[in-house]
Every structure is written in structure tokens, then in C-alpha cells.
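The same chain A turns up in both complexes below, where it pairs with chain B and then with chain C.
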Partner chain A sequence: MENTPTVDQAAAAQEQISLSVLKKRWLKFKSIKRGYYAFIILITAYIISFFLPLLINNRALVVKYEGEIWFPVFQGYIAGSTFGEDVPGEANYRELKVKFKSEKGNWVIMPPYPYGPYEDVTTAGNKMYEEPGRGHWFGTDNTGRDVFSRLLYGFNISLSFAILFTIASYLIGVSIGAMMGYFGGKFDLITQRFIEIWATLPFLFVMIIISSIVRPNFFLLIVILTLFGWIGMTYYMRAEFYREKTKDYVAAAISMGQTHKKIIFKHILPNSLVPIITYFPFAVIGGIGSLVGLDFLGFGLPPPTPSWGQMVSVGLQNMVKWWMVLAPLGALFTTLLLIVFIGEAIREAFDPRVYSRLR
Partner chain B sequence: MATYFLRRLLLLIPTFFGATILVFIILQLAPGGPLEQTIRQIQMGGMSQGESGGGGGGDMTSGGGAGLPAEAMEELKRFYGFDKPIIQRYLIWLGVWPREHDTRNLEFGPGDTEVEKNMGRGQWVTVKQTADGYVMYNEDGSINSDWLIRPLDPGEDGIERALVYKTKLSGILTGDLGTSYTYMQPVLDVMKPRFKVSIFFGISGFLISYIVCIPLGIAKALRHGSPFDLFSSVIVFIAYSIPGWAFGAVLLILLGGGSFWDVFPLGGFRSENWEYLSLWGRIIDQLYHAVLPMIAWTIGSFATLTVLMKNSIIENMSQDYMRTAFSKGLTEKRVIWIHALRNSVIPIASYIGNVIGVLLAGSYLIELVFNIDGFGKLGYQAVLDRDYPIVMGFLVIAVLLRLVGNILSDIALATVDPRIRFK
Partner chain C sequence: MSDKQKLVDVKNLKVHFPLFGGVLSRRVATVKAVDGISFSIKRKETIGLVGESGCGKTTVGRALVAILRQLYPDVEIDGSITYNFNGKSVDFARLKPRELRKYRSKVQMIFQDPFASLNPRMTVAQIISEPLQLHTKMNDSEMKDRVGWLLDKVGLQPEQAYRYPHEFSGGQRQRVGIARALATNPDLIICDEPVSALDVSIQAQVINLMMDLQEEFGMSYLFIAHDLSVVEHIADRIAVMYLGNVVEFGESSTVYYDPRHPYSKALLSAVPRPDPHRQRESRIVLEGDVPTPLNKPSGCGFRTRCPLAEKSCAEEIPVLEEHALEHWVACPIVKEKNAG
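Our next item is the complex of A and B:
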């Protein structure tokens, strides 16, 4: 009796076996420390970045004035005259805070970093090309906008853009690739020729032509980039589906009279998830790279959207103002490096070979 | 093998036509084309000189060109080829439909059926209007058939007009890429000096990345898991995540003499006084200008190549034939350098074709950052200027280079691995 495992141990062993494949991979991913911590850091930073207006903003969180309480962050534009401030247009909360220090009963609570991404020299107290210092951590740009603030807002925009872009191009790429592999024959051949032509078009080139015709906004830009971004995924999905199609479970599904749609998406797709998952981080990297490149050329998001590419492009015109280039590029490198770590760890978790690989 | 390459070549034909037709249509249908830009320029000029006729910045999107005489509009349209349907324009561009050149305008006076015209070089001809078209007579009364004549739309003043022209088949298939709108030179002449620049960077970047990456990959594989491997992995990771042009911008800020160290020039391909330098001076100057862009150029393939090489070696090291080689008493050196390496460069060889594509595609951001007048920057500028002949020429060369790259990959693959048979 001593040798038989206890009930507890048996249950634990049972649990070990019945762990789903995905769960096992997740545990493996967690064990790769570099990727796991990069993942934690990136996700945390990304979630926080949605609350940036509460942390980094020129609008006050709370203002108490003459017994009334205001929440400028949520209320939006409030004229300066409302608070007895002698400024044209919107209230300048930083000056208000200084002023209210000497006034009893009135007070202002500013966000921890009291500079917004859009306020430029037209706001009193802002100067062009201010060097990095205590006030503006990363200095100000050619129109007096705070670089640090734009940088962080740009982080949210870049990452959101790249993730949405990747999801959109995956939806198209996976569906088309799956159909090519599943149906094969003429459909495959014709689609392949079409893809070949499509892939021959110099992507950024056509992109420039399109954006010089229509001024793209955030979502239009995703749509345009997706038009070119879906191709890569079709190669992998096509190969996966060609392989899976011949397996017995598919034949079984067909003989049971399942529809094509069900076989593709319910039966085969869950068995072909590995390329989708492992290439996701690298597609996000590609998305960020494309956005930054386009913004750098001036064909990306419309100004004054805070974008890293646009910041670099302005910065390079003023070589002496190094912070305008190094700050956004530093942010870009850090973000991309984190994603590479994550992607590498995911790949290792899903494709357990003894060595590291890219691509 | 030969059939294989022949098929590859034939398969390129539909791709070539598909891609060029697609881009041609996009270009021709895009608003704000060269015609509208020229009209706007003329109008702006007219307004600034205080002449009448400026439409006051009216919208050009309707293609109206209000304020320009109809005749001038016709002339402009003809110059840019917009007087023909789009299919015909494409065929002309291809060179299978005659292109009109040496055009001259004819104007018939009210009631006149014939007009005299100086065709240049003192040659006068008389054009007579007959029931079934126009006939051109030389001064001695003989019929001149060198020129073709077609009627033009009569203007608002009711004067009959005709166009005298010659035709020739001249297009991409005859090696004529057309004339650039902005440079007023044949496209090939505009491209040639810039192509040289891109080839310089392309080839030397290619050599450098292979010279660095293959030994590095081997060293990493042999010392897998050592501090050297881990440390270089970090560098590879960083290199992989950084876009080349962005890294170039950082180098430029740090070493270009703006606010930190003044080590390298700010940009350009060569110094302005290059022509006057001695041979040695030229070499130094060229290298001096090339260091930073070259690093930016190679950083992209650096990471991929190194990891490719390393993984390839490690994979081969665990194969059975390696154990056999060791067990029959070969030295480690021989096993690695002769047996493993030959098999490990196979994936690297197939990567060669990519390099040629990268030569064009990824380079214009770098050329912009370093202000190098290369091929990519020319194409980028042409899109901005709506210089369609250059844009189309760029596309053609890009497609051809892709083909060359693919075939080069296959040849390299077949050279390195004699087992490979292309069918």
C-alpha cells in the first residue's frame, strides 16, 4: 500500500494530464521569464495608457471655485472666465493652481504630469524647443508641445493601431488562406495569381499614392494597411489547411454532412492555430513599423495626433534638438523590444525546440 | 532545370501585366494628377502676375481648369496623354500602340480648306482638306506621307483645327520608359545615377551582412548557451526590433555632430568637392559618408541572417551524419567546417533573393533620413510630384528585380545544394 499514490497525488496527476494544450503552452510561456515579464510590463503599460488623460493632461482633475466643484478632465472645455481667470479661451489650470494657492477655499488638483499632448505655444507659459528638464521631462517640440506627453499618448495610439490592424488583416488573411487550402483547385490557383500581383505592388508606394488622395484618419489607415497586410497570413494558413484537409477527422466531418463553413472554422481552424498565435506579435511589430514609417513620411495619421513618426520627422529637421528624435525613437525601440521578447517566448512555448529562432 | 526557369519567366508575365495595369489605373484615376497640378501652377502664375484668367483657386477636382483657354487645355491634355482613353494610354505606354510625337497644330481660316505650315528646317507644306480627310503636299506639289493628320475638336471660336503628327511604337517593351515630367529627361537617364547609389549600398550592404552574419551565426551556434551567445543574442534582438531608418536617425543625432559627437557627416552620398579629390581622398570620403547609412541598411538583415545561420547549424549538428562523421574519427574542425557548414548555408542561400528586393523596398526611408539621392528617394519624390513615367518605371524595375532576386535565390540554392532539383 505504501507504493500506491494517495488520492491527492492521483488527482494531481490526473489534472496534469487533462490540462488543455493551450494551458500547457501558457505555463511554458510563463516559465520563459524574459518574455513573461515583457508581457506583464507591456500589458500593464497599455492598460494604464487608456487612463492617460487622468495622469498626463493640461486639464485639471478637480477644481473647487467659489464653493462649486468642477471636473475639467471629464467636462472638457471650460472657459477661463468661469474661474475668474483673465485668459482668452480655455482656462489655464497650471496658472490657476498657482493663483488659487493664495486664495482661501479655492483649489485645483492637477494630474501628476500637468502638460497635455495638444497644447502648444498659444498656451501661456509654453516655449518652443525647451530642453528636457524638471517641467517638461523630455522637452518641448517645434510648436511648444510637451514631448513626454505626446510620446505616451503616441504609445497608446501606436499599439492600438497595430493590434487592430493585425486583427483585421488576420481575419481576412486567415479566411482566404483557409479557403485556398481547403478548396484547392481553380480557386486556389486564381487566388494565388491575384495575391502574386497584389504582393508585387510596392506596398508603401501605393500607400503613399492613396494617402495623398484622401487624408486618412485612424480607421481608414487601418483599412488601407489591411488591404496589403492580409497576404502574409494566407501562405501559412493555406499550407496548414492543405495538410489538415487530408486527415481522418476532416473526412469524418465531411461524411457526416457538415457544411464547408463548419468544417473550416469549427474543425480545422482550431487545429491550425499555431501560426496565427506565433506570428501575432511579429505582425504587431510590423504594424507599428508601418505606422511610424508612414507618419514619418507625412502620410499617416492627420496632425496633431501624437505620433512617433511625425515627432521624429520634425525632430530630424532640427538636429540640435536631440530630444525630439531620441525620445520618440527610444519609446519605439522599447516597445518593439518588449514585443520581440514576448513573440520569442510565445514561439518557444508553441514550438518547443532547444534553440531560439526568429522568423 | 531549364524548363523550370522558363516556367518561372512565363509565370512572371501575367504578374507583370496585372501589377502594371493596376498601378497604371490607380495613377491615371487619382485626382490631383500632373494635368491638374500644371493647370494650378499656370493659374497661380497668372494670378501673381496680375493677369486675367486666374480662376481664383477654384476647385480643380472637376478637372475643369477654368480660366485656361480651351486650346491650352487640349494642348496640356495631349502632352500628358489624357486625350486618349485609359486602355489606349496603357497600350501606348507598353509600346504596342503608336505613340504620337512631333505634334504640330493646324488652324484653318474661316472658309479655308487649305493651310500652309512650316514644319521646321525651312520645310513648308500645304495641307488640304478633302472629303475623306487631309492631304499634305510638299512645296513641289508631291504628296507628303511622312506625317499623319487628324482633326481636333473645334474651339468655341469655330475655327477648324487639326493635328499633324508622326507615330512610332515606343514604350516599355521597346525599352523606352518615357520622359519624366519634372526632370524633362528620359526616365532611364534620370534613374541611372541614382541607381548607382542604390547598387553601391545594396551590394556592399549585402556583402557586409553576409561577412558578419555567417561567422557570427557559426560562433553563436558552437558556443550555444555561453555568455557570448547570450550577449550577442541581446544585440540580435535589439537589431531585430529596430527599423533600420529609425536606427539611422539615432546614429545621425548621436554621431552627426548636432549635439553630441561630430564624427560623421550629416548626410549625402559624397562631399560636394568630390570631383576635386584625389583617388585616395575619394575612397575615404565615400566610406566616411557611407558608414552610418550602411549600418542602417544592414541592421535589418543582420538579425534575421545571424539567427538563420545559427539555427541551421544547430539543427545540422544534431543529425545522424554528424555523429557518423565524429565516430569515424574526423577532427571537430573538419566535421564542423566541411560537413555541417555546407548543409547549413542552404537556408542562407535562399535568402539571397530577398536582399535584392530589400534593396528597393526598404531603402527610401533610409535615403530620406540621410538625404542620399538614391533610387528609393527618387521613386518617393516622383509619387509626390506625380511624375507618372518615373513611378511606372520604378514599378517595372521593382518587378524585374524581384524576378532576378528569385532566380538568383534558386541558382544559389542549386549551387550550394546539388541535391536540389527544380522541376
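Our next item is the complex of A and C:
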């Protein structure tokens, strides 16, 4: 009896045979260690970066003052006078912590890294060009802001920006490319000519003109970049759809009366996912690159926002302060490297040849 | 035969594909894939459509399921295809897309290549239940039962419903394709070379399955093939096509054993017959290639290769004439010879 497989085992075996293609590719992706670990590290870091205000902040997590409990991280601005502190404007929680040590009943819990990305020399105790050390791990910059905290906040902004930009431009690019390939004929002809004209617009000049009229913010920048970024995907999707449309399963779907929308999204698109998925990481890299580039040139996010491009630009003006240059460049390098590893592993996972991997 | 028994009547069907070229995308030529053919299919009948590759067989099939317009937006279709569903005559070309969709369940198609006709990203259950979702109001458990029943009917196990097409052999996939076509109880199934991609041993299985299913459900088949021995086995009547025209049409045994048109004769003499005692007939070998449908010869399309060709053949396109009872041939020369 021992050798007789149970029903569960048979079901499990069945399931193993019937993995969908995507599941098989995911398993292959998991087997490519470098890419898989890079993926785990990046995703973990990205998720953690959403909780940065709890980890890296100049505002205290909890303050107990004269029997009352305050949560400055969530409550936002609280004047220093509330806690009996003699400072103009917002309370300085680091000093408050030192002060409360001698007072009974009052205490402050600070985040593990008690410096925020926005506080500069105007806050008491902050100095310009402080070298990396125990307080400021990566030193401070020309306005006395903490480089380490700006770096991490910048990571979240860069990655969110790049991912949103990629998703937005893929949504447009995939839909238009899919329609061009699926409907063909005059629609394809006219849209293709429009794309050719649109693609010749000089992106940087348009960007400079726009940012001289309106101060771009996070979402406006995504919109503008998307306006120019959706084109690349249409080429791939158009070709994919032209190819897939000639296959008989599409004819079968039409002959049973399926709608165009369902044929495009339910039948053909799942068979045309390869370029979308394999190019996604590299498009994210492109997105980070564009944001850094625009920030570097000064057409990107407005100044107090922690952005890597602006940090590199300020660092270049103060080359002697090596930490101001190395920190953002190192962060940029590491992030892009991780994403390249992921992209490479995805490309390999989608490669039908089994032994083509370079080791 | 009375009109009531006719399921579909094709009259003077023409399907032309324009070719565009040059800087201004002007129309430079026309591929006359189907050039004026007429035939009809009765209820519970199998029509065999045979011919060489490129003669327009598949295009006829696709015209009957009305999918040409969607696949090739530029196509020009002329003539009429009139269906007769329970006494109601329907012309797909005159329907609005929404109305057409309702009738699509009545005419289904089985495709030539079982590797391309099933969506590789869908399980067999999803593939077979798709027409059910579109044309019936079944709930999930009814649908599951129906899929299992259909799989059983085509000789597969219902447990295989949750596998993907790539886990099946060619013959099994073709069975899945048949189950999908069968799902909505169609009146007509277009079989576009359903066995030519399969092994000979499996061909016989699939053909017999199709004949059994016809016996049970009583639908009509339009059986497109280039293998005459297969068609003779399954079809009641055979139409022989050459270069977009039907050259001979008649009862299956008549066309098979007594072909009249010189092209049918040549085609049939090429069929290998596994009978060692039979006397070897002289094989008719045609000279040259099929002319391109881009630039068809004037008059009879076959005259460039025809052993009987005369001067008059170049003048007008021969029409199908009844040479014997229910045996139509498009060749005036043959008729003259038989008469004289």
C-alpha cells in the first residue's frame, strides 16, 4: 500500500504537469539566483521605503509631556512651545530628548535614525558639510541636510516615479500598439504616421519649455514623460499582434462571435506578454535615468524634494566633499545594478532554450 | 431536392484580395482567391471540397463562417451565402455585427493546424467553455458538466479539462478543437483540412469520430481537404476546385470513380490505391504549375495545363453544366465529346 499514490498526490502530480507557461517561467526565474535575490532585495527595500517616516525622521515617534502622549510623526507640525521648548517654530525633538532625560515623567522616543530629509542649517545643531560619522552616516550637504536620509527618501521617490511612469506608458503603448496590430488597415497606417511625427519631437526642449512655464511636480512629470515614453512599446505590440492575429485561435475566437475587446485582451495579449515583461525592468531603469537627468539639469522635481539627480548636481559643485558625490552615485549604481540583474534573469526565464544561460 | 432541406446556399461567391503597392499605396493587383462559385449544402450532409493548395478552398470555408472581413479588412466579397436556420433565411453579410454574433453559434469551424488553433494560454476547459459563455446562459457547474460531457463525446477524459493544449498530442488537440466546435450544437461545421496535420493512423480515428458525431447530432459538414481518398470516405458530395472555381460537383462516388473534368481526372489518377491486384492505370501528369491567382489565364483557368485545351477555351469562362444526373462539370469540350 505504501507505493500507491493517494488522491492528493495524484492531484499534485497533475497540477505539476499543468502549470501554465507563466508559472513555469516564474519557477525558472526563481532558479536564477542572482536575479531572484536582486528581486527580493529590491522589493523588500522598496516596501520598507514606504515606512521611512517611522525609521528615518527628525520628528519623534512618541512624546510624553506632562502626562499627555503625542505622536508627532502622524500629527505633523507641533510647535516647540507646546513642550516648553524655547525654539522658534517646530519642536526640536533631538534636543527635547536630551532635555527630558533629566526630567521625570517626560520622555521622547525617536526613530532609529533621527534626521529628516528636509531639515537644514536653520535647525539648531545642524552644520554644513559635516563629514560622515556617527551622527550623520553619510555627512551633510551644502545646506546642512542629512545626506543618508535624503538618499533613502530619494530611493522611494525615484523607484515610485519610474514604476508609475513605466506602467502609464505601457498602458498607453500596449493598447495603441495592440489596436494597430489587431485592426490593421487605415487605422494602423494613420496611427503609425502620427507616431513617427510625434517621435521626432525633441523631448528635452519641450521639457525645458514646459518647466519654464509651470513648476513640474511628481505627477506632472510622469504625465509629461509618459507623453513621450509610450511610443517604444507600440512597435513591439504592433508586431506581436500582427503575428498572433494570423494564428488560427484568433480565427476561432472570431468565428464563435467573441468581441474585439476580449480577443485583444483575453486571447492575444496573454500570448504577447514577452516583450512587455522582459522590457519592464529596463524601462524602469530608463525612468530612473530620466528623472535623475532632469533633476540634474534642474528641470525635474522642485528643490527641497530629496532627489538623486539634484544631489549629484549639488555634489558636483562641491567635488571636494566626496561624500556628497559618492553617496548618490553609489545609490544610483546599486539600484540600477539590482534592476539589471532582475531584467537579465527575466529575459533568461523567458528564453525557450534551456542551456543558453551565461554563467 | 426541395429548398427546405437546404442548409446553406452559396451563389456566385467571389472573394478578392486587393494588393497595394507603390509610394501612394495604389491598388496594383487583385488576388482572385475565389472567383464565382456556387453550391449548396443540405442538412446532415457532408460536402467534400478538394483541390490543390492555393486554389481557394480555405477561403471558401472562412467566407462561410464570415470571418474574412475581420481578418483581412481590405477583402472584397461578392455574391451571396444564404443560411436557412429553421425556416428563417439569414445572410451573414447583411447582418449588423451584433446580430451576426447571435448566429455564429450555428456555424462553427475546425481548423487545420491543431497546434495553432487552440490558445496556448488557456486550459482545455476554458477553450471549450468559451463558446458556451458567449451563446448560452449556463452557470459554472452546468458549464463544467457540459465540458466534461463534450470531452467524453470526443474521446477524451473529463479529468484532462484542466490541462493546457501543449500537454496533448496532435490527435488529442484536434479532438479538443472538435469539442469546441460542437459545444453550441451548430448546424454546420466547416472542417478546414482537419486531418492533414495528423498521422495516418490518427487520421482514421478522427474521421471516424467526426462521422459518428454527425450520426448522433445531425449537423452538416463542409469538409475541406486535398486528400481525395479521405474525402471519398466521409463526403456525400464532392466539389473539385481549381484556381478559385468549382470545376466538378457531384455525388461522391460518381466524382471519385467517374470523373469527367480533365483536372479531376488528373487529380484522381494521382491518388495512390492500395490494391495490388488492380491494374495500374496510366497516371495523368499535368505539365507546369498552377497559374497564380494574381494573373489568371483568360477563359478557363485550367486551359494552360489541360490536355484537351482548344482555342475556344481562352474565350469564355466555362460554367457548371449538368452532364449526368446530379453531376455538374465545367467543361464544354468534355460535353461535346460525350455527346458526339
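Assume the second predicted complex is superposed on the first by the 338 of 359 C-alpha atoms of A that agree within 3 Å, B and C clash if a C-alpha of one lies under 4 Å from a C-alpha of the other, contacts with A are read in each partner's own complex, and residues count from 1 in each chain.
The definition used in the following text is that a residue touches a chain if its C-beta (ideal position, glycine included) is under 8 Å from a C-beta of that chain, and two chains touch if they have at least 3 such contacts.
Since this is a predicted model, take the numbers as computed values, not measurements.
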> Is the arrangement of chain B and chain C around the shared chain A a clash or a fit after superposition?
Replying inline: fit
>> So in the superposed three-chain picture, is A:G184 touching just chain B, just chain C, both, or none of them (first/second/both/neither)?
In response: second
>> With both complexes superposed on chain A, which partner does A:F29 reach: first (chain B), second (chain C), both or neither?
In response: neither
>> Contacts for A:Y65 in the overlay, against chain B (first) and chain C (second): which applies, first, second, both or neither?
In response: neither
>> For A:Y170, using the defined touch cut-off, is the partner it touches chain B, chain C, both, or neither? Pick first, second, both or neither.
In response: neither
>> With both complexes superposed on chain A, which partner does A:I213 reach: first (chain B), second (chain C), both or neither?
In response: first
> With both structures placed on chain A, which of the two partners, chain B or chain C, ends up touching more residues of chain A?
Replying inline: B
>> According to the stated criteria, A:H267 is in contact with first (chain B), second (chain C), both, or neither; which is it?
In response: second
>> Going by the contact rule set out at the top, does A:Y249 touch chain B (first), chain C (second), both, or neither?
In response: second
>> Going by the contact rule set out at the top, does A:Y93 touch chain B (first), chain C (second), both, or neither?
In response: neither
> Does chain B (first) or chain C (second) touch A:V21, or do both, or does neither?
Replying inline: second
>> Considering the aligned complexes, could you tell me the closest Cα pair distance between chain B and chain C in angstrom?
In response: 8
> For chain A, what residues appear in both contact lists, the one with chain B and the one with chain C?
Replying inline: none
>> Which residues of chain C touch chain A once you look at their complex with the stated criterion?
In response: 25, 62, 65-67, 70-71, 73-74, 100-102, 104-105, 107-109, 111-113, 116-121, 123, 130-131, 134-135, 159, 162-164, 167, 177, 180, 184
>> Under the stated contact criterion, what part of chain A meets chain B in this complex?
In response: 193-194, 196-197, 200-206, 208-210, 212-213, 285, 289, 292-293, 296-297, 312, 315-316, 319-322, 325-326, 329, 332-333, 336-337, 339-341, 344, 354-359
> Which chain B residues qualify as touching chain A in the complex?
Replying inline: 14-15, 18-19, 22-23, 26-27, 30-32, 224, 233, 236-238, 240-243, 245-246, 249-250, 252-254, 256-260, 266, 303-304, 307-308, 310-311, 314, 360-361, 364-365, 368-369, 379-380, 383-384, 391, 394-395, 398-399, 402
> In the complex formed with chain C, which residues of chain A make contact?
Replying inline: 14, 17-18, 20-22, 183-186, 189, 245-258, 267, 270-271
